[in-house]
Amino acid sequence: MTVRVQQKDFNLGDELKTLHKGNHAIGGVCAFTGLVRDMSHNGEISTMTLEYYPSMTEKILQKIKAQAQQRWSLEASLIIHRYGKLNAGEQIVLVATASHNRDAAFESCQFIMDFLKTKAPFWKIETDLNGNQQWVEAKNCDNIIASNWTKNN
Amino acid sequence: MTVRVQQKDFNLGDELKTLHKGNHAIGGVCAFTGLVRDMSHNGEISTMTLEYYPSMTEKILQKIKAQAQQRWSLEASLIIHRYGKLNAGEQIVLVATASHNRDAAFESCQFIMDFLKTKAPFWKIETDLNGNQQWVEAKNCDNIIASNWTKNN
Amino acid sequence: MKILYFAWLRQKIGFGEEIKDIPSHVTTVKLLIEWLKIQDGGYSEAFKDISAIKVAINQEFANFDTKINKNDEVAFFPPVTGG
Amino acid sequence: MKILYFAWLRQKIGFGEEIKDIPSHVTTVKLLIEWLKIQDGGYSEAFKDISAIKVAINQEFANFDTKINKNDEVAFFPPVTGG
């Protein structure tokens, strides 16, 4: 499956190998990996927990992927997003796009990430060492970035 | 070493793991992998051979990497470029950039690729099944793409 | 009607999913919210600032004026923060 | 002077590297090319269309008007095609 929402970690190298294996029309693969940043202050370790909306999330990701495939000439693309409890440094998301054309790979990968950020139903909550929880707030700049794709069209 | 020109293949997953391991300030890693496209006609298999200018090539790659690090806030970056004989589907180049900011990772990775394409002393020659060789010609559009980075500044 | 709540909406309401019999005059998302706010429980607290709330009907993004039917799956959640 | 040739320039000239004693009037890249073209070998063929040729001096990009010295490493090559 080229759109997956899963709890378990993914092996980036294996995923990308599977993506382009045997397709010699591919000239370039752009892969973006999102990692859990350490948001803690004073060196305290925090964890991140991701919640999602089963079935709607996958639908939205499929839709974003389809839009990218319509807009750019892609040979293959892949979205993996994790949910559940993650520690700093862990992989959250992988978006990979493969094309004969390097710019198409770069742009479509960024496009998918930008829309995933603003459209895919995931919510992050941070837990600090004392068990205090805080929902991560959406950033307005992410909406501006995503809307720029429509303007430039 | 974070700039390498080598004959042997690289393991994308391992390289990226090494790049971000232990640095929890990294929020995103953008990785571009260039692959040998099958340029043959009528299903004939061709090979690609890459020649380079030892020591100048590494210097230029270091310079491009330093420019990217100056222009964007990067936690880490990596350039690996292969030389020698490569078959269709093989990895030629890996450029990876890691930042706390997703756009910085995307843009700097694309910047490095664009300048690598137009500045790094590598030359490709294709060999078809009959042993006929043909030097790959530089594309003018690559120069235009690279020069856009200066204009937009 | 199946109603879902995510993230801090789920926390404030106390559960993530419920099946509710909705009166016939509740024909839009906005009217559903107004009706929920007068029910017992965490609804009035959860829906205090609806500018911070997104809605999906049958797993498609919708808005507060969108019409709803009793067989719909309506989901309320804060702006998304994935990736 | 150490002179290097890459890609089809190397092929046309027949080798990739040579050490050459350069006359004292050869003070720029352009004069070096002109002087090479009148030497025996593949030079005149290799340097027929200099618009398709790039030059580096001591591993830095240069142009045809750049001054050269006898201890320089001068490299000629076609536009690059890596990546």
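Which chain is which? They are A, B, C and D, in the order written, and residues in each are numbered from 1.
Assume a contact is a pair of C-beta atoms (placed from the backbone, for glycine too) under 8 Å apart; a residue touches a chain by one contact, two chains touch by 3 or more.
A quick note: this is a predicted structure, and the numbers were derived from the prediction, not measured.
Engineer: Which chains are shared contacts of chain B and chain D?
Structural biologist: Common contact partners of chain B and chain D, which must touch each of the two, are absent.
Engineer: From the C-alpha centre of chain A to that of chain D, how far is it in Å?
Structural biologist: One centre to the other, that is 49 Å.
Engineer: If you average the CA atoms of chain A and of chain B, how many Å lie between those two points?
Structural biologist: 23
Engineer: Using mean CA coordinates as chain centres, what's the gap between chain C and chain D in Å?
Structural biologist: Comparing mean C-alpha positions, chain D is 73 Å from chain C.
Engineer: Just give me the whole-number Å value for how far the CA centre of chain A lies from that of chain C.
Structural biologist: Those two chain centres are 26 Å apart.
Engineer: Spell out, as numbers or ranges, the residues of chain B touching 2 or more other chains.
Structural biologist: 34, 102, 113, 117
Engineer: Spell out, as numbers or ranges, the residues of chain C touching 2 or more other chains.
Structural biologist: 83
Engineer: Pairs of chains that touch, anyone?
Structural biologist: A-B, A-C, B-D
Engineer: So in the complex, the part of chain C that touches chain A is made up of which residues?
Structural biologist: Chain C residues touching chain A: 4, 6-8, 10, 56, 59, 61, 75, 77-83.
Engineer: Under the definition above, what is the set of chain A residues touching chain B in their complex?
Structural biologist: Touch residues, chain A against chain B: 11-14, 16-17, 20-38, 88-89, 100, 102-103, 105-106, 109-110, 113, 117, 145.
Engineer: Which residues of chain B touch chain D in their complex?
Structural biologist: Residues 34, 50-53, 55-56, 59, 81, 92-93, 113, 116-125, 135-138 of chain B touch chain D in their complex.
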